[in-house]
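Next come two complexes, and both contain chain A; in the first it sits with chain B, in the second with chain C.
Entry: the complex of A and B
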């Protein structure tokens, strides 16, 4: 560590006011504060004394994402190999746990590299031009964006959505902490509406599915959405019902553990729960949002259960099963809890989370066009969050005014 | 069609701002604070709730092909549809004037809180849009038309208070100087449009 400090101190003069590389000072600054806690102090405004600064916060979120990341890599390989027929390259029975992981690793690494390289390049360009520090926020967004994508998404599409999210979603507002929408969700929504064929259907969720015939790589939600409005007695539908029973492909156990097709990070509830535990324990993710969103989703699923016609499996699915499929859990733990775009007040957080949960399930069930509607639902609540805050604060002011009046009346 | 369905559809799915981009001028101009946005939003709900039913009666009793039958057999073949645009505009501005005078007479408090917004609404295209959509969609009863009008109004209200709250929040953001004011508001509107797209395609 001492060595690093010395090197940094030695090259620092080049980047300062009169140095030859002054234009690149944001890059130097970003690197230095990434390694060492900065020693400069606040000169005006609010002082907060805490050893955890923004960069440290972001790194903890990355750590919380690692279980999802590792499981997602393994699952990518697992889905790929289990779709191959035995005579094809001799796989099917002979692949090991490690094979799956390595396959997924090589598939997924390019996505991460592109996401970080493009995103950070845009950030650097803005930092140099607008003379502010490089924003730490992209460390997390850059990891979340590839985790919400299907594994085979073309890299240029990923790059385009990253640029859109960073420029329009964040930098035009002034950078980290000033945006109104979660950048990762903005990227996901952008690619979802711009290239719907690459983001839905039954061919995108399993690696190289287009080149293999007869593959069934649909997500649980895609299956459910395709069942609505079809004669419930047809053999096709009965087969699909079977997939959600306890020994089917999309059983509660499989959905909970994550052995199902889906975008990279979202499949395994157990890996997400580990991440949630880390976030809650360190106090970085808001417990209020996570729990109220869970309760909101559960309540909505129960309501659907009560009113469900027998043929509509989408509505009559067991509430816990409903929450385990799709990206509900991932959105709940990593997307809705974004401290910038979520509601800021404590009461507001509870309302915000609850509405997120209700809306996610509502859109999933009612909108056949977007069965994976959780992300868009959270995006919608991001838009509404400032309004919720406004009314919470307003109510608070009124309550205090009333209290003051009572006091004045008594005295 | 169910009344509640029409209402919900008006609020979320066929939102005046994000699905049809109607009433944008006052939406962009009067959304600096939540309080004023609140006033304008309420006024829009109010005026839509009055003008659309009136226009509905006008449409079905005067303008539609054959609507003049109640005057006598000679008028069955009369089709005054060409006049509908002018008639709707006239009704909207007349109603707004009337409403303004009535409010001023009977509720000065409400009048002063709505203030300049009432005359502003006379030129708000969401109001005329409401009348034209009512004509195009051919609601079967006046209650359905009113339900649609109130739904559209509430949707417009929701959109303007949401963007006002966002604009109050980003007052502390470091927006590039060139984009400050209307520029960033357009970008926010676009982003909100993306968020509202989650309701598109819902069939109820």
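Entry: the complex of A and C
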């Protein structure tokens, strides 16, 4: 610690004004403040300041993501090993929890490394170029992006989507705090529309499914989307829908626990709820958004239940089950709550969350081309959030104007 | 009227003053600081070396020369300290051994009319105690306010306890109130701390409307009280003053001399024995703090930790302040401070494990705990802003200097001190109070 401090103090003059490396000062500063909370003291206003800062805030979100991360690693291995047959390479008679975790760990670590390395490189480049400090925003985006990807996504695609997200999603608007769209969702949307074959179908959600015949894994949503508008009495459909009953692959229990194929972080509702508890307890995630989005999704699913025609089994799925599949929960807790792209007023947050929930289910069920409605719904509501805020603020302004009018009338 | 406030917080900082009076040696030096009066441009009357008595004019308000600022003690003008662009910062005085007071003429108190009161206050130098909202500048004596507000309590961190200070008051407060109430045709509000049983002096005050305010800081802020009791619309003016100022005004009317002694609290984590002291306004703090503070590198604040002014160890008490706070200067860097569990790092959020021990009081220092960033976290200011405005949106309106939007969002109802908790808790470390001050200055300039 002392040694680190001494090294930093020794090289600091090179980066300061008139130093040979002054251009790289933002990079040095980012590194120094990463290691040490700086010795700055208050100069105006309050003489004391709260201990919390943006780094702390971001690190709490990462901690909240750890349950999803660990579960996602394990589930990657589990989905893989459970599909292997004795004639395949890597088959094991018995595999432990640890085997699955280690398999997933080695599969997933490259994604995290690429995401952080590429994303932070772009951030540093922008910071140096624009002479501002490196913001902490990417610490969370860098973790969220790989968690929303299929495990086998090619690394170059991941890198490309990260660059797109940081540059177009964030930096062109002025960096962290200025963006309109959620950067992590921007990355996912980019890869979804640019390389749809890598983001849908039954060959991407389980590790090595593309290279090994016999391994497949459709997501629950993909299954449901394929059942729409087909004679519901056919044996094929009955079999398929049977997978959603209590002893099927996509049962409520499996979906809740997360023993299903899907993007790495999204499958386990229970891991997501642990994250939600951390975010809500520390006050970092907006409970208004999380709760109202849940209500919105639930309500929409109920309405679909009521009006479901016989030929649409998707609509008739139990509302709780509906919310547990796909990335609804993950989006609700980690994506919709991004404070920069969400509505900013307290009333606005409730409206925003509710509409996110309603639209997610609406898009998911009525547009099977996008089996994941949550992503599109949240991005759409990101764009709408300033409008919601505008009306909330306008109401406050009108209250004040009315008070002034009342006073003028009296006198 | 009862007002309940739920938004806000009481910061858990060590070093509140014990309810004991301590003695100290009479300070030799005093100062009147024009910078204590916002937007004041002083016009000097005395020169260095002049002899003044307590109550003699030191300088006037350049915009309204009737408003006089008088010497709190008798002695010589030692120095007129100037800063950048020759701005006058301090008029420093060296005190006589015994204070000689200038005699003022005044007819019997019962026969006083509003104008007589104002004239006496202007002449004697009492007028600057009366301030106005919006803008928190010295009130304009030619105006009629719609109401007068007096907050009987201060909810700021480590604030002096008025119930203790007013213990044993023998009618002087009521005498002062009777004078103040004549300044306004409207109601004079006396706002009491609903959380505790206030001193009888306040509870049984006559001629005023008594309101009970419940809830955490900033419930004691005059701006918050005005908002809930009789909000300011565009064009309204409300006058306000503190209870000790009422006492001072009462005393000066009774004795017909300018005697501005008051009781202050010496507080803060770096004070060895936090106590109450009887001092004269503008006195040097040197004698108070030289023996009674720890050996660390310290910051001395005239006022509280949220809104006070930084002064030197031999600096002077501010005109409106009745509190001195001493904290540690936080110029240290902390290895991975943002990552460690933080059992000892106080935060209003629950991002550090210090929430486990909610009763503990902390030795808070002046470290910023991070660097300034753009706004990311939302909803934070709203939980500490008991006024029905949108704080972040108002601040953004000020930053883009959109006057109409500022008015629409309610800038007349706020004061920098109302944003102090927002600034304290801000994750992005935005200097909120100075932004709000800037907004008010823009508005004031636009309409003057």
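Throughout what follows, the second predicted complex is superposed on the first by the 383 of 411 C-alpha atoms of A that agree within 3 Å, B and C clash if a C-alpha of one lies under 4 Å from a C-alpha of the other, contacts with A are read in each partner's own complex, and residues count from 1 in each chain.
The rule is short, and it goes like this: a contact is a pair of C-beta atoms (placed from the backbone, for glycine too) under 8 Å apart; a residue touches a chain by one contact, two chains touch by 3 or more.
The structure displayed is predicted, hence computed values, not measured ones.
Visitor: Once chain A from each complex is brought into register, does chain C clash with chain B or fit beside it?
Guide: They fit: once the shared chain is superposed, the two partners occupy separate space.
Visitor: Please tell me which partner, chain B or chain C, touches more residues of chain A.
Guide: C
Visitor: Just chain B (first), just chain C (second), both, or neither: which does A:131 touch?
Guide: A:131: touches no partner chain.
Visitor: Is A:410 touching anything from chain B or chain C once the two structures are fitted on A? First, second, both or neither.
Guide: neither
Visitor: Once the two complexes are overlaid, how big is the angle at chain A between chain B and chain C (Cα centres, nearest 10°)?
Guide: 90
Visitor: Quick check for you: in the superposed arrangement, does A:10 touch first (chain B), second (chain C), both or neither?
Guide: neither
Visitor: In the overlaid three-chain picture, which partner chain does A:175 touch, first (chain B) or second (chain C), both, or neither?
Guide: It touches chain B and chain C both.
Visitor: Once both complexes sit on top of each other, what is the least C-alpha distance from chain B to chain C, rounded to whole angstrom?
Guide: 8
Visitor: What is the shared patch of chain A, the residues that chain B and chain C both contact?
Guide: 174-175, 178
Visitor: Which stretch or stretches of chain B touch chain A in the complex?
Guide: On the chain B side, the touching residues are 34, 161-162, 165-166, 168-170, 172-176, 179, 184, 187-188, 190-192, 194-204.
Visitor: Can you tell me which positions in chain A touch chain C when the two form their complex?
Guide: 1, 4-5, 33, 35-42, 44-57, 59-60, 133, 135-137, 174-178, 281-284, 286, 288, 339-340, 342, 344-346, 349, 393, 396-397, 399-401, 403-404, 407
Visitor: Which stretch or stretches of chain A touch chain B in the complex?
Guide: Answer in residue numbers: 130, 132, 168-169, 172-175, 178-181, 186, 189-190, 193, 359, 363, 366-370, 373, 376-377, 379-380, 382-384, 386-387, 389-390.
Visitor: Spell out the part of chain C that touches chain A in their complex, as residue ranges.
Guide: Interface residues on chain C, with respect to chain A: 11, 13, 231, 233-234, 236, 299, 301, 305-308, 310, 325, 327, 329-339, 342, 345-352, 354, 364-371, 373-379, 382, 388-390, 392-393, 408-410, 416, 420, 423-429, 431-434.
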